[in-house]
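Every chain is named by a letter (A, B, C and D) in the order it is written, and numbering of its residues begins at 1.
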């Protein structure tokens, strides 16, 4: 018998992900505080339902929420998921949250015969729109097999990282590197600009040595360097991920001085009111605060 | 008439570079404080000579020295290059030094009808051995045309970055990024290890997203992750380059908080007596200080 | 009618504080998970009671707990304080917790006709033993008047900082400075030691200029500099306070790069297994990691 | 026979120091590139003279110059001090320079039968005006006895720290702490302001615990907190001292992550064009960049 799917959290990404599930033929019950989002999904064929109803009737409940506070509330409230779900139900949390919160939910779930899968989402909102997301999944092999069809419907790349808890942890490691690359590149380009170097020469060198990196080649080349800082992923969201990284590192006793310095650079960017631009825009923020000309490539330039 | 070439500084890399020039047919006068190195080059056909003699007889003098102190001494002493060279002579300094020292030498050279080219060397000592170095060159177009044949004999990639001073500055920007990537990767792998993640899963994810970077794919995969920390480029040398970066940034009024944090991490690695290992070994240093198991991939693993 | 006092949380400091209340004539109901601590207080005249009973019968309930998790649990559980207290009851939380948690409790309390006072404790455990603590209090003027007699019984200095929430926030600002001074001093002494300076000369200079500070004059002089790192206040606790500071700063959009660097230094000290010594011992940790002789003054030295 | 005194370097502080020597009866030969300063001293009774003349005729030559470049030039040039001084002459360098430069000069001096004393100046320019400076002196006991009368004429506090080189090193340790306190205080006050705390309450608490420090009590209370950021000691000069500290620490293998973070904060302050205000003004800079109200005490407030 096919799993019945509940989907809770129809925000910028969650809505697209739920829509892709419907398009691929899954039958969904959905819930969100935002009635417009619920109506939109209902128009596509989903059935709106309260959380308790979803918990009672669905064998896989997907959550895509802002933070661990909302996930715990939904999971643990009297009218929430754990109190109402049947044994064998999987809570697949796709939010990016504190991994210790995931661990706690997994323990509480196991005590009730339920299980938790953590499957946070990589790549940008546009990828979610097109069903091209990347997932880092923590799940038992059995649970992974059950959620795999859903992931295939929402994305193109799925990494099964290990048991529950490893998906969110892998995302933190990955996002630490990606977000830090952005700041490293930003400082490098500020230095290049102040030195008066030709930015295309600098980029040509960087992209051709072991200094090359995905943020520079992909994100910078398409966004800030051509003067586009409309957000794919905002400085505010990058800051939020770095907060999760730093907190998790301190909880786990891992000294990460560069992570902390990156975190503070994003904090300054937010405090100086640049939080809503794309995170490649850190290059502009560093330059603006230090009175340096922003780095821009000539029209038609492409990374080689 | 072909340029006569002087080569001063026959250390780990300089010796290989001079040897490659000889192999490609250049006639060299050479100088070094280390007589063994001089003898080895003489055996290949180079003519040992004092600095003043080299300055008087060569139209291009190459220097490959530890720091700006030695370069300035050689250039400015009474029996040095500037006091003895004929007008039109090029000093091509291939050392990695403070760019303000290069600027000063270029000014003093111009006043005497001489010129300076800065052409620091990228990649590792093994590349220099095989004539596969990368060069970042600051030179007038005329000077660049004259030194280009020498660079072609010593390496495979040459970037003409702009006028004199831009070669060294580009190298600082590039090495800042490469050396910082190493520390970012080191902290990420320490976090992954403490989280108990499968290192090959973590690497698979990192190498497949915008977190991917040249240090991880090339240097880490071939060195520290397979347990090899014999030096291609030591932590001590990476620290030296970061000192040049931080000093140049402060002189130029470019705030670089992540550069400073990286610099201190390397300083701690040196002070805790790990300075002589390969700089990818920062992953081991971070883990050792924090009592975390070192990150190692299974035999036969390769990055995909 | 005199306030009846409940005291929940009889740990290292709470037990001494409760004992001082009893000695000064207050009638206490007490609660703790540790039965020995409860028995000790009972032997002094306190009445052991469950939390709900305390809430129903006491007009001031003091909590002294490890973190906001425990405080929220006690306040908000069905058998907790808010569900059982009579209108007009004051919850005086003396724990050091996230100020946003205090704000939340204050809002929930107000909705039930209760009020919250935050009154975290300054100085060391020994001071608490002797009734010589310092308190930073956030309270309405009316509530402050009611709790003042208790504070006078437990300490010698009370600062009424403003309305509820300001006590904890003031403590975070204060502890940020005190904990950071320790690291600043530690780095300074490591530099002095490596320079080969006479430590007593260095201290004489520092204590006589604007570099002088309470940590150096009081804590360092009495502890680490005479070779005593038995804990008055551990590195682990200092780290915990810095975690609260950094989290609160990020929540409030205050960039604090030095706070972050201090936080990481304490994180390294914990990860390298020095978390249980006195926080002045950061001087020893910095020196040990960098292979520098620890700073010690000769017998009989006193700061002038 | 009394020592004849040469004084080279009549800048903001040097001029006042030389004037105080004349007022106390010393006979001076003076030199500076700024003719007005020389004329002013001549009007007080000093004899203008070229450096070589000073070197030949004075048994103590005082230098007070911007950096090691100028000191080395004056000491080592053909028409400089070492080439022209008689055996037994003392070069007392009162500049704040790289201690390795002092060591080098001391070695070269000894080889010629000369000696070097390093005696950098503490406190502010106003103190120098009034003959109330503080000196940290590195000198042999014999040399110290000879220079002591001069120091007594220019200041009120003299610390004999040890042999030559220890004066400058002690100053670096001291100024590291003083300059870092400023940034620690600045971040603390920014946090207090954003928290909406009453600044006078926060100060009262800080000044009454182990968080108290000389910068807060003296410099902040008299300058930035009353809205006065006219420079006693500029952010630019504090940054210069931190550059010396960071370079010396790296040369000596002392990891100082907080020093590096402080250094970058001053770098940002300079780059954002606040370098010329008093260094207590870092509190304003932190607040301005983060859009926080500047910390100001009410008229008439004094620290207690």
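In this section, contacts are C-beta pairs under 8 Å (C-beta built on N, C-alpha and C of every residue); 3 or more make two chains touch, one makes a residue touch a chain.
Only a predicted model underlies this, so the values are computations on that prediction, with no experimental measurement involved.
Chemist: What chains touch subunit A and also subunit C?
Modeler: Neighbours common to subunit A and subunit C are B, D.
Chemist: Could you check if the interface between copies subunit A and subunit B is built from the same residues on both sides, meaning over half shared, or from different ones?
Modeler: Subunit A and subunit B contact each other through largely matching residue numbers.
Chemist: Average the CA atoms of each chain to get its centre, and name the chain whose centre is farthest from that of subunit D.
Modeler: Most remote chain from subunit D, centroid-wise, comes out as A.
Chemist: Count the C-beta pairs in contact for A-D and for C-D, then report the pair with the higher count.
Modeler: By the number of C-beta pairs in contact, the winner is C-D.
Chemist: Nearest 5 degrees, what's the C-alpha rotation angle taking subunit B to subunit C?
Modeler: In short, 180 degrees.
Chemist: Report the inter-centroid distance (CA atoms only) between subunit A and subunit D in whole Å.
Modeler: That pair's centroid distance is 51 Å.
Chemist: Return the distance between the CA-based centres of subunit C and subunit D, expressed in whole Å.
Modeler: 38
Chemist: Going by the touch rule set out above, which residues of subunit C reach two or more other chains?
Modeler: 249, 253-257, 260-261, 264, 268, 271, 289-290, 292
Chemist: What is the shape of the graph in which nodes denote protein chains and edges denote touching chain pairs (line, ring, star, complete, other)?
Modeler: complete
Chemist: Which stretch or stretches of subunit C touch subunit A in the complex?
Modeler: Touching subunit A from subunit C are residues 239, 243, 246-247, 249-250, 253-257, 260-261, 263-264, 267-268, 270-271.
Chemist: Using the touch definition up top, name the residues of subunit C that touch subunit B in the complex.
Modeler: Interface residues on subunit C, with respect to subunit B: 257, 261, 268, 271-273, 289-292.
Chemist: Tell me, which parts of subunit C touch subunit D in their complex?
Modeler: Residue positions touching the partner: 99, 122-123, 134, 136, 157, 159-162, 166, 169-170, 172-178, 180-181, 183-185, 187-188, 190-192, 194-198, 201-202, 204-206, 208-215, 218-219, 245, 248-249, 252-262, 264-265, 286, 289-290, 292.
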